[in-house]
Amino acid sequence: MSAKKGCITRERKVELSTRLSRIEGQIKGIKKMLDDDRYCLDILQQVSSIFEALRGVGKVIMRNYLEICATDALQSKRKERQEEIYGELMDIIYKFAK
Amino acid sequence: MSAKKGCITRERKVELSTRLSRIEGQIKGIKKMLDDDRYCLDILQQVSSIFEALRGVGKVIMRNYLEICATDALQSKRKERQEEIYGELMDIIYKFAK
Amino acid sequence: MSAKKGCITRERKVELSTRLSRIEGQIKGIKKMLDDDRYCLDILQQVSSIFEALRGVGKVIMRNYLEICATDALQSKRKERQEEIYGELMDIIYKFAK
Amino acid sequence: MSAKKGCITRERKVELSTRLSRIEGQIKGIKKMLDDDRYCLDILQQVSSIFEALRGVGKVIMRNYLEICATDALQSKRKERQEEIYGELMDIIYKFAK
(Lines give C-alpha, C1' and ligand atoms only; values in the text may rest on other atoms or scores of the structure.)
Protein backbone atom coordinates (compact mmCIF):
# COMPACT_ATOMS: atom_id res chain seq x y z
CA MET A 1 0.00 0.00 0.00
CA SER A 2 1.31 3.34 -1.05
CA ALA A 3 0.95 6.52 0.97
CA LYS A 4 0.41 8.50 -2.22
CA LYS A 5 -2.95 10.10 -2.45
CA GLY A 6 -5.65 9.51 -5.03
CA CYS A 7 -5.30 10.98 -8.48
CA ILE A 8 -8.15 9.34 -10.37
CA THR A 9 -10.47 11.92 -11.87
CA ARG A 10 -14.12 12.03 -10.87
CA GLU A 11 -15.26 11.06 -14.42
CA ARG A 12 -12.97 8.04 -14.42
CA LYS A 13 -14.21 6.94 -11.00
CA VAL A 14 -17.75 6.86 -12.35
CA GLU A 15 -16.65 4.97 -15.46
CA LEU A 16 -14.64 2.47 -13.45
CA SER A 17 -17.48 1.88 -11.03
CA THR A 18 -19.85 1.14 -13.91
CA ARG A 19 -17.38 -1.25 -15.51
CA LEU A 20 -16.78 -3.05 -12.21
CA SER A 21 -20.51 -3.49 -11.59
CA ARG A 22 -20.87 -4.99 -15.04
CA ILE A 23 -18.07 -7.47 -14.23
CA GLU A 24 -19.85 -8.43 -11.00
CA GLY A 25 -22.88 -9.21 -13.14
CA GLN A 26 -20.77 -11.34 -15.48
CA ILE A 27 -19.41 -13.31 -12.55
CA LYS A 28 -22.91 -13.99 -11.25
CA GLY A 29 -23.71 -15.13 -14.80
CA ILE A 30 -20.94 -17.71 -14.70
CA LYS A 31 -22.17 -19.02 -11.37
CA LYS A 32 -25.58 -19.47 -12.96
CA MET A 33 -24.04 -21.33 -15.91
CA LEU A 34 -22.44 -23.73 -13.43
CA ASP A 35 -25.80 -24.28 -11.73
CA ASP A 36 -27.41 -24.86 -15.13
CA ASP A 37 -24.79 -27.51 -15.92
CA ARG A 38 -23.61 -25.75 -19.06
CA TYR A 39 -20.87 -27.03 -21.39
CA CYS A 40 -17.36 -26.23 -20.10
CA LEU A 41 -16.17 -24.38 -23.21
CA ASP A 42 -19.22 -22.10 -23.13
CA ILE A 43 -18.21 -21.20 -19.59
CA LEU A 44 -14.57 -20.73 -20.57
CA GLN A 45 -15.75 -18.33 -23.27
CA GLN A 46 -17.50 -16.25 -20.61
CA VAL A 47 -14.39 -16.26 -18.42
CA SER A 48 -12.56 -14.91 -21.45
CA SER A 49 -15.10 -12.07 -21.74
CA ILE A 50 -14.40 -11.11 -18.15
CA PHE A 51 -10.69 -10.99 -18.95
CA GLU A 52 -11.52 -8.49 -21.69
CA ALA A 53 -13.73 -6.44 -19.38
CA LEU A 54 -11.02 -6.39 -16.73
CA ARG A 55 -8.52 -5.31 -19.36
CA GLY A 56 -10.82 -2.35 -20.00
CA VAL A 57 -10.69 -1.43 -16.31
CA GLY A 58 -6.90 -1.68 -16.32
CA LYS A 59 -6.64 0.57 -19.36
CA VAL A 60 -8.68 3.35 -17.77
CA ILE A 61 -6.39 3.33 -14.74
CA MET A 62 -3.23 3.08 -16.87
CA ARG A 63 -4.31 6.10 -18.92
CA ASN A 64 -5.06 8.03 -15.73
CA TYR A 65 -1.58 7.17 -14.46
CA LEU A 66 0.05 8.32 -17.71
CA GLU A 67 -1.92 11.54 -18.01
CA ILE A 68 -1.62 12.58 -14.41
CA CYS A 69 1.13 10.89 -12.41
CA ALA A 70 3.69 10.10 -15.12
CA THR A 71 3.21 13.43 -16.91
CA ASP A 72 3.63 15.32 -13.68
CA ALA A 73 6.94 13.54 -13.04
CA LEU A 74 8.20 13.91 -16.61
CA GLN A 75 7.45 17.64 -16.65
CA SER A 76 9.15 18.13 -13.31
CA LYS A 77 12.21 20.32 -13.32
CA ARG A 78 14.04 17.85 -11.08
CA LYS A 79 16.30 15.72 -13.29
CA GLU A 80 16.56 12.83 -10.82
CA ARG A 81 12.75 12.58 -10.60
CA GLN A 82 12.60 12.34 -14.38
CA GLU A 83 15.19 9.56 -14.41
CA GLU A 84 13.37 7.67 -11.67
CA ILE A 85 10.10 7.70 -13.54
CA TYR A 86 11.43 5.71 -16.52
CA GLY A 87 12.19 2.66 -14.42
CA GLU A 88 8.81 3.00 -12.74
CA LEU A 89 7.05 3.38 -16.09
CA MET A 90 8.75 0.31 -17.55
CA ASP A 91 7.85 -1.76 -14.48
CA ILE A 92 4.25 -0.69 -14.61
CA ILE A 93 3.89 -1.13 -18.36
CA TYR A 94 5.37 -4.63 -18.44
CA LYS A 95 3.61 -5.71 -15.26
CA PHE A 96 0.14 -4.37 -15.89
CA ALA A 97 -0.39 -3.93 -19.65
CA LYS A 98 -2.13 -7.24 -20.27
CA MET B 1 -24.08 -21.14 -27.04
CA SER B 2 -23.38 -24.80 -27.50
CA ALA B 3 -25.98 -27.52 -27.27
CA LYS B 4 -23.46 -29.81 -25.60
CA LYS B 5 -24.36 -30.76 -22.10
CA GLY B 6 -22.45 -30.05 -18.91
CA CYS B 7 -19.35 -32.05 -18.09
CA ILE B 8 -17.93 -30.18 -15.10
CA THR B 9 -17.55 -32.46 -12.11
CA ARG B 10 -19.38 -31.72 -8.88
CA GLU B 11 -16.10 -31.08 -7.00
CA ARG B 12 -14.96 -28.60 -9.62
CA LYS B 13 -18.29 -26.79 -9.52
CA VAL B 14 -17.84 -26.24 -5.80
CA GLU B 15 -14.25 -25.07 -6.28
CA LEU B 16 -15.21 -22.74 -9.11
CA SER B 17 -18.07 -21.27 -7.14
CA THR B 18 -15.75 -20.51 -4.22
CA ARG B 19 -13.18 -18.90 -6.52
CA LEU B 20 -15.84 -16.78 -8.22
CA SER B 21 -17.22 -15.55 -4.88
CA ARG B 22 -13.73 -14.53 -3.87
CA ILE B 23 -13.37 -12.55 -7.10
CA GLU B 24 -16.69 -10.81 -6.41
CA GLY B 25 -15.21 -9.78 -3.06
CA GLN B 26 -12.07 -8.46 -4.77
CA ILE B 27 -14.17 -6.37 -7.13
CA LYS B 28 -16.10 -4.85 -4.26
CA GLY B 29 -12.70 -4.12 -2.70
CA ILE B 30 -11.64 -2.14 -5.76
CA LYS B 31 -14.86 -0.14 -5.66
CA LYS B 32 -14.09 0.74 -2.06
CA MET B 33 -10.54 1.80 -3.02
CA LEU B 34 -12.06 4.19 -5.55
CA ASP B 35 -14.37 5.63 -2.89
CA ASP B 36 -11.42 6.00 -0.54
CA ASP B 37 -9.53 7.93 -3.22
CA ARG B 38 -6.58 5.56 -3.24
CA TYR B 39 -3.48 5.92 -5.41
CA CYS B 40 -4.02 4.66 -8.96
CA LEU B 41 -1.14 2.17 -8.99
CA ASP B 42 -2.36 0.55 -5.79
CA ILE B 43 -5.67 0.01 -7.55
CA LEU B 44 -3.96 -1.28 -10.68
CA GLN B 45 -2.14 -3.78 -8.49
CA GLN B 46 -5.48 -5.07 -7.22
CA VAL B 47 -6.82 -5.34 -10.77
CA SER B 48 -3.76 -7.45 -11.50
CA SER B 49 -4.63 -9.76 -8.58
CA ILE B 50 -8.07 -10.29 -10.06
CA PHE B 51 -6.45 -11.25 -13.38
CA GLU B 52 -4.50 -13.91 -11.47
CA ALA B 53 -7.63 -15.14 -9.69
CA LEU B 54 -9.51 -15.31 -12.97
CA ARG B 55 -6.62 -17.25 -14.50
CA GLY B 56 -7.14 -19.75 -11.70
CA VAL B 57 -10.79 -20.13 -12.67
CA GLY B 58 -9.84 -20.61 -16.32
CA LYS B 59 -7.31 -23.29 -15.42
CA VAL B 60 -9.84 -25.36 -13.49
CA ILE B 61 -12.17 -25.33 -16.49
CA MET B 62 -9.35 -26.02 -18.97
CA ARG B 63 -8.27 -29.04 -16.95
CA ASN B 64 -11.84 -30.30 -16.80
CA TYR B 65 -12.05 -29.94 -20.58
CA LEU B 66 -8.78 -31.85 -21.10
CA GLU B 67 -9.60 -34.64 -18.66
CA ILE B 68 -13.15 -35.19 -19.77
CA CYS B 69 -14.07 -33.77 -23.17
CA ALA B 70 -10.73 -33.90 -24.99
CA THR B 71 -9.78 -37.28 -23.57
CA ASP B 72 -13.13 -38.73 -24.55
CA ALA B 73 -12.60 -37.56 -28.13
CA LEU B 74 -8.97 -38.69 -28.34
CA GLN B 75 -9.84 -42.16 -27.08
CA SER B 76 -12.70 -42.44 -29.51
CA LYS B 77 -12.40 -45.16 -32.10
CA ARG B 78 -13.60 -42.79 -34.82
CA LYS B 79 -10.56 -41.50 -36.68
CA GLU B 80 -12.28 -38.38 -38.02
CA ARG B 81 -13.33 -37.35 -34.49
CA GLN B 82 -9.73 -37.66 -33.36
CA GLU B 83 -8.55 -35.47 -36.24
CA GLU B 84 -11.21 -32.89 -35.51
CA ILE B 85 -10.24 -32.55 -31.89
CA TYR B 86 -6.70 -31.34 -32.64
CA GLY B 87 -7.92 -28.21 -34.37
CA GLU B 88 -10.40 -27.65 -31.55
CA LEU B 89 -7.71 -28.17 -28.93
CA MET B 90 -5.33 -25.74 -30.62
CA ASP B 91 -8.06 -23.10 -30.86
CA ILE B 92 -8.98 -23.47 -27.25
CA ILE B 93 -5.43 -23.51 -25.97
CA TYR B 94 -4.33 -20.42 -27.88
CA LYS B 95 -7.57 -18.57 -27.20
CA PHE B 96 -8.03 -19.28 -23.53
CA ALA B 97 -4.68 -20.16 -21.95
CA LYS B 98 -3.87 -16.71 -20.61
CA MET C 1 17.42 -31.65 -21.69
CA SER C 2 15.16 -34.64 -21.92
CA ALA C 3 16.29 -38.12 -22.86
CA LYS C 4 13.09 -38.65 -24.81
CA LYS C 5 13.62 -39.16 -28.47
CA GLY C 6 12.40 -37.03 -31.34
CA CYS C 7 8.79 -37.21 -32.40
CA ILE C 8 8.49 -34.36 -34.86
CA THR C 9 7.28 -35.53 -38.23
CA ARG C 10 9.39 -35.04 -41.35
CA GLU C 11 6.83 -32.63 -42.87
CA ARG C 12 6.82 -30.50 -39.76
CA LYS C 13 10.60 -30.39 -39.63
CA VAL C 14 10.63 -28.94 -43.15
CA GLU C 15 7.94 -26.43 -42.24
CA LEU C 16 9.70 -25.41 -39.04
CA SER C 17 13.00 -25.01 -40.82
CA THR C 18 11.40 -22.71 -43.40
CA ARG C 19 9.73 -20.64 -40.69
CA LEU C 20 12.96 -20.34 -38.73
CA SER C 21 14.91 -19.20 -41.80
CA ARG C 22 12.30 -16.54 -42.41
CA ILE C 23 12.72 -15.32 -38.83
CA GLU C 24 16.49 -15.14 -39.31
CA GLY C 25 15.81 -12.89 -42.27
CA GLN C 26 13.50 -10.70 -40.19
CA ILE C 27 16.20 -10.31 -37.54
CA LYS C 28 18.74 -9.25 -40.16
CA GLY C 29 16.10 -6.77 -41.34
CA ILE C 30 15.92 -5.21 -37.90
CA LYS C 31 19.69 -4.89 -37.75
CA LYS C 32 19.56 -3.04 -41.05
CA MET C 33 16.82 -0.73 -39.71
CA LEU C 34 19.14 0.15 -36.81
CA ASP C 35 21.98 0.91 -39.25
CA ASP C 36 19.63 3.03 -41.31
CA ASP C 37 18.67 5.01 -38.21
CA ARG C 38 14.98 4.27 -38.53
CA TYR C 39 12.26 5.52 -36.17
CA CYS C 40 12.02 3.46 -32.98
CA LEU C 41 8.32 2.59 -33.31
CA ASP C 42 8.85 1.28 -36.84
CA ILE C 43 11.47 -1.03 -35.39
CA LEU C 44 9.21 -2.04 -32.51
CA GLN C 45 6.56 -2.94 -35.08
CA GLN C 46 9.03 -5.30 -36.74
CA VAL C 47 9.93 -6.87 -33.41
CA SER C 48 6.23 -7.48 -32.97
CA SER C 49 6.10 -9.28 -36.33
CA ILE C 50 8.86 -11.60 -35.17
CA PHE C 51 6.81 -12.39 -32.06
CA GLU C 52 3.99 -13.43 -34.38
CA ALA C 53 6.31 -15.52 -36.52
CA LEU C 54 7.75 -17.21 -33.45
CA ARG C 55 4.24 -17.90 -32.21
CA GLY C 56 3.71 -19.75 -35.50
CA VAL C 57 6.76 -21.90 -34.80
CA GLY C 58 5.51 -22.66 -31.30
CA LYS C 59 2.10 -23.67 -32.60
CA VAL C 60 3.52 -26.20 -35.04
CA ILE C 61 5.46 -27.85 -32.21
CA MET C 62 2.53 -27.67 -29.80
CA ARG C 63 0.28 -29.39 -32.34
CA ASN C 64 2.91 -32.05 -32.92
CA TYR C 65 3.08 -32.63 -29.17
CA LEU C 66 -0.70 -32.93 -28.88
CA GLU C 67 -1.12 -35.22 -31.89
CA ILE C 68 1.74 -37.52 -31.09
CA CYS C 69 3.04 -37.40 -27.52
CA ALA C 70 -0.09 -36.40 -25.59
CA THR C 71 -2.39 -38.62 -27.65
CA ASP C 72 -0.12 -41.58 -27.14
CA ALA C 73 -0.22 -41.06 -23.38
CA LEU C 74 -3.97 -40.43 -23.24
CA GLN C 75 -4.70 -43.58 -25.24
CA SER C 76 -2.39 -45.62 -23.05
CA LYS C 77 -4.03 -48.38 -21.08
CA ARG C 78 -2.01 -47.43 -18.00
CA LYS C 79 -4.26 -45.32 -15.75
CA GLU C 80 -1.38 -43.66 -13.88
CA ARG C 81 0.20 -42.52 -17.16
CA GLN C 82 -3.09 -40.94 -18.15
CA GLU C 83 -3.30 -39.10 -14.83
CA GLU C 84 0.27 -37.90 -15.15
CA ILE C 85 -0.26 -36.42 -18.56
CA TYR C 86 -2.91 -33.93 -17.40
CA GLY C 87 -0.51 -32.12 -15.11
CA GLU C 88 2.10 -32.16 -17.88
CA LEU C 89 -0.40 -30.87 -20.42
CA MET C 90 -1.53 -28.03 -18.15
CA ASP C 91 2.09 -27.02 -17.49
CA ILE C 92 2.93 -27.00 -21.16
CA ILE C 93 -0.20 -25.18 -22.23
CA TYR C 94 0.10 -22.39 -19.68
CA LYS C 95 3.87 -22.11 -20.12
CA PHE C 96 4.13 -22.18 -23.88
CA ALA C 97 0.84 -21.12 -25.43
CA LYS C 98 1.71 -17.48 -25.98
CA MET D 1 6.86 3.01 -42.52
CA SER D 2 7.08 6.31 -40.74
CA ALA D 3 8.88 9.36 -42.06
CA LYS D 4 10.07 10.17 -38.54
CA LYS D 5 13.80 10.03 -38.16
CA GLY D 6 15.81 7.76 -35.93
CA CYS D 7 16.02 8.48 -32.23
CA ILE D 8 17.73 5.40 -30.87
CA THR D 9 20.89 6.27 -28.97
CA ARG D 10 24.26 4.93 -30.10
CA GLU D 11 24.64 2.85 -26.91
CA ARG D 12 21.25 1.26 -27.39
CA LYS D 13 22.03 0.44 -31.02
CA VAL D 14 25.09 -1.49 -29.90
CA GLU D 15 23.11 -3.28 -27.19
CA LEU D 16 20.28 -4.13 -29.57
CA SER D 17 22.67 -5.42 -32.20
CA THR D 18 24.31 -7.72 -29.65
CA ARG D 19 20.94 -9.02 -28.46
CA LEU D 20 19.78 -9.64 -32.03
CA SER D 21 22.95 -11.56 -32.90
CA ARG D 22 22.39 -13.74 -29.87
CA ILE D 23 18.85 -14.47 -31.03
CA GLU D 24 20.16 -15.43 -34.47
CA GLY D 25 22.41 -17.93 -32.70
CA GLN D 26 19.46 -19.31 -30.74
CA ILE D 27 17.50 -19.82 -33.95
CA LYS D 28 20.37 -21.71 -35.53
CA GLY D 29 20.42 -23.78 -32.33
CA ILE D 30 16.80 -24.77 -32.83
CA LYS D 31 17.47 -25.76 -36.43
CA LYS D 32 20.22 -28.02 -35.14
CA MET D 33 17.87 -29.54 -32.55
CA LEU D 34 15.49 -30.41 -35.40
CA ASP D 35 18.33 -32.04 -37.35
CA ASP D 36 19.34 -33.97 -34.24
CA ASP D 37 15.77 -35.24 -33.86
CA ARG D 38 15.35 -33.86 -30.38
CA TYR D 39 12.23 -34.22 -28.22
CA CYS D 40 9.52 -31.69 -29.14
CA LEU D 41 9.14 -30.19 -25.67
CA ASP D 42 12.87 -29.56 -25.42
CA ILE D 43 12.56 -27.59 -28.65
CA LEU D 44 9.46 -25.75 -27.41
CA GLN D 45 11.46 -24.75 -24.34
CA GLN D 46 14.08 -23.18 -26.59
CA VAL D 47 11.43 -21.34 -28.57
CA SER D 48 10.25 -19.97 -25.25
CA SER D 49 13.78 -18.71 -24.50
CA ILE D 50 13.74 -16.81 -27.77
CA PHE D 51 10.45 -15.20 -26.78
CA GLU D 52 12.19 -13.98 -23.63
CA ALA D 53 15.19 -12.70 -25.57
CA LEU D 54 12.92 -10.89 -28.01
CA ARG D 55 11.04 -9.36 -25.09
CA GLY D 56 14.40 -7.96 -23.98
CA VAL D 57 14.87 -6.35 -27.39
CA GLY D 58 11.38 -4.85 -27.23
CA LYS D 59 12.01 -3.42 -23.79
CA VAL D 60 15.15 -1.59 -24.88
CA ILE D 61 13.23 0.05 -27.72
CA MET D 62 10.20 0.81 -25.53
CA ARG D 63 12.42 2.54 -22.98
CA ASN D 64 14.12 4.52 -25.74
CA TYR D 65 10.69 5.61 -26.97
CA LEU D 66 9.59 6.67 -23.48
CA GLU D 67 12.79 8.53 -22.62
CA ILE D 68 13.16 10.31 -25.91
CA CYS D 69 10.04 10.48 -28.07
CA ALA D 70 7.28 10.40 -25.46
CA THR D 71 9.11 12.68 -23.05
CA ASP D 72 9.74 15.19 -25.79
CA ALA D 73 6.03 15.27 -26.62
CA LEU D 74 4.88 15.41 -22.99
CA GLN D 75 7.21 18.31 -22.22
CA SER D 76 6.08 20.18 -25.30
CA LYS D 77 4.33 23.45 -24.71
CA ARG D 78 1.69 22.57 -27.30
CA LYS D 79 -1.38 21.30 -25.47
CA GLU D 80 -2.78 19.40 -28.46
CA ARG D 81 0.50 17.51 -28.91
CA GLN D 82 0.34 16.45 -25.28
CA GLU D 83 -3.22 15.20 -25.69
CA GLU D 84 -2.30 13.32 -28.83
CA ILE D 85 0.55 11.47 -27.18
CA TYR D 86 -1.68 9.74 -24.60
CA GLY D 87 -3.62 7.87 -27.24
CA GLU D 88 -0.37 7.00 -28.99
CA LEU D 89 1.21 5.84 -25.73
CA MET D 90 -1.77 3.64 -24.85
CA ASP D 91 -1.72 2.07 -28.31
CA ILE D 92 1.97 1.33 -28.13
CA ILE D 93 1.90 0.03 -24.58
CA TYR D 94 -1.00 -2.36 -25.15
CA LYS D 95 0.25 -3.44 -28.56
CA PHE D 96 3.91 -3.98 -27.83
CA ALA D 97 4.40 -4.61 -24.11
CA LYS D 98 4.41 -8.39 -24.26
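Note that the chains are named A, B, C and D in the order they appear, and that numbering of residues resets to 1 at the start of each chain.
Keep in mind that, in the parts below, a residue touches a chain if its C-beta (ideal position, glycine included) is under 8 Å from a C-beta of that chain, and two chains touch if they have at least 3 such contacts.
Given the structure is predicted, the values throughout are model-derived calculations rather than measurements.
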Using the touch definition from the top, list the chains contacting both chain A and chain B. none
Taking the mean of the C-alpha atoms as each chain's centre, how many Å separate chain B from chain D? 30
Whole-Å distance, chain C centre to chain D centre, using C-alpha means? 19
Please compute the C-alpha centroid of chain A, do the same for chain D, then give the distance between them in whole Å. 24
Multi-chain contacts in chain C, i.e. residues touching at least two other chains, fall at 62
Pick one for the touching-chains graph, please: line, ring, star, complete, other. ring
Any two chains that touch count here, so list every such pair. A-B, A-D, B-C, C-D
Of all residues in chain C, which touch chain D in the complex? 1-8, 13, 16-17, 20, 23-24, 27-28, 30-31, 34, 36-44, 47-48, 50-51, 54, 57-58, 61-62, 64-65, 68-69, 92, 95-96, 98
Provide the residue numbers of chain C that touch chain B in the complex, in ascending order. 59, 62-63, 66-67, 70-71, 74-75, 82, 86, 89-90, 93-94, 97
